[in-house]
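Naming follows writing order (A, B, C, D and E), and every chain is counted from residue 1.
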Amino acid sequence: AEDKIVVEFGYPYSHLFDVTYEAILPKFYAAHPNIEIKMRATYESYEDGTNTILREAVAGNLPDVTMQGLNRQAILVEKGIARSLEPFIAAEADFAKDGYHKAMLDLGTFGDEVYGLPFSISLPVGYYNMEVMAKAGYDATNLPATWEDVVQACVKLREAGVDNPMFWGWNITGNWFLQALMWSQDKPTVEGNDFQLDSDEGLVALETMQNIFTGCEMQNLEWKSALASFSAGDLGMMYWSTSAVGAVERAMGDFTLVTNEYPGITAEGPMGLPAGGNSALLTSTSDDPEQLAAAWAWLKFITSGEGAADVARTTGYMPPNQAANEIILADFYAENPAKATAVRQLPLLREWQAYPGDNGLAATQVIYDGLEGIVTGEYEDMAELQEELSEEVQDLLD
Amino acid sequence: MQSRAHLWFIGPAMALMFIVLLIPILIAVGLSLTDYSLGNQGAEFVGLENYERIFTRSTYEKMFVATFRYVFVVVPLTVGLGLGAALLIHSLGRFGDLYKTIYFLPVMAALIAMAIVWEFAFHPTIGIINSTLEKGCGTFLEAWPWYAKGCERTFPLWLNDRDYAIWTVSFIGVWQGFGFNMVLYLAGLTSIPPQLYDAAEMDGATRGWDRFRLVTWPLLGPTTVFVVTISFIRSFQVFDMVEAFYPQGGGPSKSVFVMMFAIYEKGIQQNLMGIGAAITVVFLAFVMVLTVIQRWLVERRTHYV
Amino acid sequence: MSEARAQSFRFNTGAATTHAILIVGALIVLLPFYTMISLSLKAPHEIMQQTGGFIGAQEAFRDDYCVKLGNAAENCMVNPIIYNYSTAFEKAPLVRYLLNGLIVTVSIFVIQVLVALPCAYALAKLRFWGREAVFALVLFCLLIPVHAIALPLYIMLAKAGLTNTYAALIIPWTISVFGIFLMRQFFMTVPDDLIDAARMDGMTEFAIIWRVMLPTAIPALMAFGIFSVVAHWNDYFWPRIVITGNRDLFTPPLGLREFKGDADGDNFGPMMATACIIVTPLIVCFLLAQRRFIEGITLSGMK
Amino acid sequence: MARIQLDQIEKRFGDTPVLKGVSLDIQDGEFVTLVGPSGCGKSTLLRILSGLEAADSGRVVIDDRDVTGVRPADRNLAMVFQSYALYPHLTVAENMMTPLRMRDLTPVQRMPVVGPLIARGPHRDMRKQASDVAETLKITALMDRKPGQLSGGQRQRVALGRAMVRKPLAFLMDEPLSNLDAALRVHMRAELSELHRRLKATFVYVTHDQAEALTMSDRMAVMMHGDILQVGAPDEIYLDPNTLEVARFIGSPAINTLPAEAQGDGLLHVLGVSKPAPMTTTRQPVTVGVRPEHLVLKEAGRFSGTVRHRENLGADVFLHLEMAGLQQPLVLRATPQDAARIALGDNAAFDFDPADMLVFDAQGGRLRATTPAREVA
Amino acid sequence: MARIQLDQIEKRFGDTPVLKGVSLDIQDGEFVTLVGPSGCGKSTLLRILSGLEAADSGRVVIDDRDVTGVRPADRNLAMVFQSYALYPHLTVAENMMTPLRMRDLTPVQRMPVVGPLIARGPHRDMRKQASDVAETLKITALMDRKPGQLSGGQRQRVALGRAMVRKPLAFLMDEPLSNLDAALRVHMRAELSELHRRLKATFVYVTHDQAEALTMSDRMAVMMHGDILQVGAPDEIYLDPNTLEVARFIGSPAINTLPAEAQGDGLLHVLGVSKPAPMTTTRQPVTVGVRPEHLVLKEAGRFSGTVRHRENLGADVFLHLEMAGLQQPLVLRATPQDAARIALGDNAAFDFDPADMLVFDAQGGRLRATTPAREVA
């Protein structure tokens, strides 16, 4: 046991993922008896994860493999903390057969080199309380398909006596929902160093948001409150990440939960959606090939094949890899229809973009503040807001 | 007279103070003149640019507003309630222990857990606060326009309403902090010689207030200096609660964007250590000025011996 | 004693009013604790929907974790109370964390006292050149927010190879300027004659601190102790920064994060159970400590 | 101006009984001194009288009103504390003005800055009163100091001043002059007597200084182990004590005690000498007390002792004489001139007038003479 | 056992000079008493001597070693504080044992629980010593109390006990007996004298009680306004004061002062009466001091005054006589028998021996007789 190679590993959200690793580990040990995985203290959140890695980089005690939010990979790559996986991929015989969907692989690709392999993927979906929806005459077949529909549904629900018909998760980290509206029009939020909010699509996104908020008279809830309201049956509709399905199912009252595709700006539905979730990065500072090989073995194991399938089994996320979804988990999705919605949306999967440069996170915050201004009614003229945000963010990105 | 004993006494404290507090703060001051970001190889000297930003961006104006609102609500209330509770409890023979423990509970509880509890309590619809308020609908309370509005539509969102957030957070700050001041005041009360109360009684200080003015308050002078100073500093340094409630953004419309949170957001969350350090320096300058003023006002009057 | 005596002159309505005020205050103060305990007893759906009164229906519910590990659903039905508390102890090795908390808080407090008391004494009762400057420095250090120095400090510790050790949890807190300031204020109320008497009795300045100042300032020391212990027992920020590697070094509040899922759903029941568990030792300590408050040393050996 | 009655006051601290049913009736305007050994309960009695301490049982009646439940401030008494109890944060002047402010000003007039403005008159009066008293106490120069900057005696005078500014029903003073020098003490004695005369207030005065007790008081109460043993005019206590204990306690140096034998025939055998003692008693061993000033050096004295020690007090010299058959030396007061003639180690002959003898039985009770004793020889 | 020299000690508090260059040389084993009016700087001087307060200038020399910079603990002195300064958290026994523990035990032996176990012997000895002293002080029953539970006099005795357990070079005592009753005070006087004899330690003793000062001390130092006016044996100070101030201060009741006129011919005119006063002086107004015990009631007395007040001290009666031409009444000491014959308001004739006169010039300086005065008449 002494010459076991120890791979140090850090991941976020122990409450969500502990069980995943607990399921994976025995299988991994069976396959790699000479490797020992040492779990580091979990990250409290994606932000915490990135900050921890940055600190550890300065202090010189990085783990070998770390799980980072999809939009946090860029910063670690930029700062040269994450290692390129290309040498390892090259050494594998038939890497693609392991099921890596091109789109998914793209999420961790920077400048033509793969740095991160996705581990758990989420997409925005709609959650519906069917009992509430029924009050306004909705059933599983005619759920809103566009944001216009959503606003109408709100009006109807309100007429039906529902005070608080909808919640839209604008406040999810990393401007996820803004990017969702942008991708819905097939427009990236950043291209290179350019912030794209000043485009027409940008204005549409902002105005859509404003319509949703004002049309539904949406309360500015914190996510915990929103989740509580939805669980308590107050809300009819909630737009949120699919990853919360597990939490909602656990917490909800006596009503029928249905998840449905994320509405689009037009009736065709969204043209793309940003992927949420986390991916595995190799951050080992070791030069020992054996050590690196061990780290790679673990990294590969959890992001592909049987290991990856456990993500879906144990969380609300999708596994990163097509094979797992299509083959291994077919039965599972039949049993868990709420989790299937995201899988149906898989073809729409797009990058959750990070803003480049040192000020990337500051830019995220500026946009967050701007969006909040829409919810709280601080901003009324979207064109003005568009201009203001574009300017400020662009200033940060240059 | 005391030979060199004092060197031994202040020596270790000074050494640790330098290593643990002053050197890091000097590093921070140095960083405030650069654009250092954690993980970067080096940093560029940017002069006072970081400071310029603090004083020109509207976000930072909100920062000052939030900080001052919080401080000037929380300090008087925690000191006042702390003193009040201490006096009441001190005047009781029995049961004093019980109240003491209860009032100290908020200080002892882990804040992140309590933040979650408060979030539940302040939940806009099903939270205990608003659901209790709703029970009052239809009664005479509706005569109060604010209340009537709440009944008609909804009661405030409290934590997520930009008009209420800072006050709600201040309320929780008071809830959390006054027990600590109470303990300090209780400690102060025990060192008042009881004969002085006897003397006051004989001098005709019949009302509790008279005894308080004549004996308790002046003799609590050193305690009060301490309590006020500490309350000031602690409320200027309020952070945990804001982070627990608003991990991102500092509250609705940045209405709870207090300085410590700004430091944390810039320096740690966003990795802009330069700006973070600059806010730190501004923060220190600020608190220092206030502390000097406050000490100048209070300390002068409390040296008797 | 005197106040208690003064009590007897007041009408009983006075005491009744006092109690009334204190009880109302106590209710407001206790409200969140009521909620906290209540949450720690209830099932997840009861928590989120805020139903079920104080202890909930106590109906068995399905433990997802168990199901996800591949067990049959009917084998995974659990009672809320048992689930919440057992999860708190199993999922987070809370006993270990409590022990860590004990080691860390006690070490911090002991060192703080050893360092701060002599300094406070010197500042309060000795006259020496530069005293005002030292005191000003103390006041200045009081202003320094830990969040502002966290990163430089972290890097210093990392360079010394101390991250992920008990030392990293303890060293930054060995100096408590707060303690120095607090104790100084109380030492100022000790009559000079008492110290002079001790000097005549042959005590060294060092002995005076421990044998005269300390016992007479017991209430203040208690206040300081409570403050220090509470602050470091509950500290969430710092351990989170320096303990990135080894979960075995977690302090109790870090146990709370085992149940955090943020936007994907926290596990409130065990989280509140943990919160209840980690506050209990503090309450016990406080109850023990406050006895000493009561018999507070009034300076009665003086004329 | 008040009549104060203490009725069967009992007090214990924990298990220790401190006052064992003390009763004392103090007339309106009377100056009563409490004397007694240290720790006998004098301060406690004053505190009970003032209301600061609650008695375990018994009643305090002031002017026929039972004040047992009345709070101290409403009893309208002024007190000087043995431990001074000055307000450390107030100047001497403010310390002295406090009782006036508390009693004579309305809360509004007491307000820090505004008060002196809106109520100039009262404030001026108060300051005047305080400075008058300060003059009496010779602390005018210290009016702006804080107690911490005063010497022991100065503090005590401030404590006294704080009581003297008022015109209460009664003054309670607990060793108010103990830290003053002799000259000042004599001065203060006169001032207090004057105050007493002027205000006609009742005084209850605790002191250890016999000169104070004997000269100032209308009546003295001698307390011991929580009981009042004898109350009476100073003269009476000094000359006609009821018990040996009282006789021993009053008078300094203490009374000399000699073992003797009452013969039952009007004669007393003291150290082999017969003295007439016309008292109705049977034959029994008794104790004879003779005060030092009643022992007179006399060539022809029938007693004699060796001079072992001399205490020179300037005005008098006390000679300590060792006598066979006595454990304790006898103390004899001599004039400096007489004393100068006697060296240490000399034998001195002395005698005393039987009329000056105080005779006590074995239990310490006083045996009184039926007719004045007169020596035949 | 130490010789203590104070050399030109000066001290000011802020602007107030408190000691103005005090010098005093105390012999090894001597008992020196400091007396002086309240606030004259006695306590301050003691504190400087002990090292607790730093003098502004001047030196303190103990046994030929300049200790100006030596810390109090290393000077090996014991001190009784005027304010007691007992440790409030320790029992009486512990309070008294503290100096022993501090000086005689090693740090290990002092440890709370272990100490008494590993060093039984020393601890037993200490307890023995403390209880011996407690016996002397009559506080054996109080050994387990805390200071807060003691009466004033009991506290003072504990403070005294804390000093007495030790065997220091010198004892510094600041009014150690002021709160004790007369009997106890006499007892303690004897005990302290005994202690002094036994340990042969030097004593520096501050007191307001003239009896203490006069009876206990080898020498007295009279301090006033920060200066030592006269140092000498008690007798000498009493009988032969250098200045009017000293004469007035020593002696209780204070010396009577009469305005007089020196004639330059060996005669003195006092209130119209001529008295021989053989002193080398020119014609000038002088002040004559006569102590109350030297005024004798005499039918044929050449002076007379109206009795305005009588103070009965039991052993003596002081008559206050009002005389024409005098602002202050004269005080005359009479025996109770003599005094009994004179009622208030009576005229009393008296006289005094010119040898008892103390004559002072207008500046208060003493004019000494060249030969003893003898009355012709």
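Throughout what follows, a contact is a pair of C-beta atoms (placed from the backbone, for glycine too) under 8 Å apart; a residue touches a chain by one contact, two chains touch by 3 or more.
Predicted model, so just to flag it, every value in this text is computed and none were measured.
*Asks:* Can you name the chain that lies farthest from chain E, using the mean of each chain's Cα atoms as its centre?
*Replies:* If we average the C-alpha coordinates per chain, A ends up farthest from chain E.
*Asks:* Starting from the Cα centroid of chain D, hunt down the chain whose centroid lies farthest away.
*Replies:* So the farthest one, by centre of C-alpha atoms, is A.
*Asks:* Which interface, named by its two chains, has the most contact pairs?
*Replies:* B-C
*Asks:* Could you tell me the distance, in whole angstrom, between the mean C-alpha positions of chain A and chain C?
*Replies:* Centres of chain A and chain C (C-alpha means) sit 37 Å apart.
*Asks:* Between chain C and chain E, what is the gap in Å from one C-alpha centre to the other?
*Replies:* Roughly 57 Å separates the two chain centres.
*Asks:* On a C-alpha centroid basis, what's the spacing between chain B and chain C, in Å?
*Replies:* 16
*Asks:* At least two partner chains per residue is the criterion; list those residues in chain E.
*Replies:* 51-52, 71-72, 82-83, 152
*Asks:* Touching two or more other chains, which residues of chain B qualify?
*Replies:* Residues 1-3, 38, 116, 120, 123, 126, 193, 195, 198, 201, 219, 268, 305 of chain B touch two or more partner chains.
*Asks:* Going by the touch rule set out above, which residues of chain C reach two or more other chains?
*Replies:* Counting only residues that touch two or more other chains, chain C contributes 6, 47, 49-50, 151, 191, 204, 266, 297-300, 302-303.
*Asks:* Which part of chain C faces chain B closely enough to touch in the complex?
*Replies:* These residues of chain C touch chain B: 1-4, 6-7, 15, 18-19, 21-22, 25-26, 28-33, 35-36, 39, 47, 49-50, 114-116, 118-119, 121-123, 126-128, 131, 134, 137-145, 147-153, 156, 171-172, 174-175, 177-178, 180-182, 185-186, 188-189, 191-192, 204-206, 209, 219-220, 222-223, 226-227, 230, 234, 236-237, 252-253, 256, 266, 268, 271-272, 274-275, 278-279, 282-283, 286-287, 290, 293-294, 296-300, 302.
*Asks:* Touching chain D in the complex: which residues of chain E?
*Replies:* 13, 35-39, 42-43, 82-83, 149-154, 156-157, 174-175, 178-186, 208-211, 214-215, 234-235, 238-239, 248-254, 291-293, 311-316, 318, 333, 335
*Asks:* Quick one: which bits of chain A touch chain C in the complex? Just the residue numbers, please.
*Replies:* The touching residues are 8, 10, 13-16, 18-19, 22-23, 39-42, 44-45, 48, 52, 55-56, 58-61, 63, 169, 172-173, 223-224, 227-228, 231-233, 240-241, 243-244, 246-248, 250-253, 313-316.
*Asks:* Which residues of chain B touch chain D in their complex?
*Replies:* Touching chain D: residues 193, 195-196, 198-206, 209-210, 213-215, 218-219, 221, 302, 304-305 of chain B.
*Asks:* Any idea which chain A residues touch chain B in the complex?
*Replies:* It is residues 45, 47, 51, 54-55, 57-58, 75-76, 79, 81, 163-164, 171, 173, 219-222, 224-225, 228-229, 232, 234, 358-359, 361-362, 365, 368-369, 372-373, 376, 378 of chain A that touch chain B.
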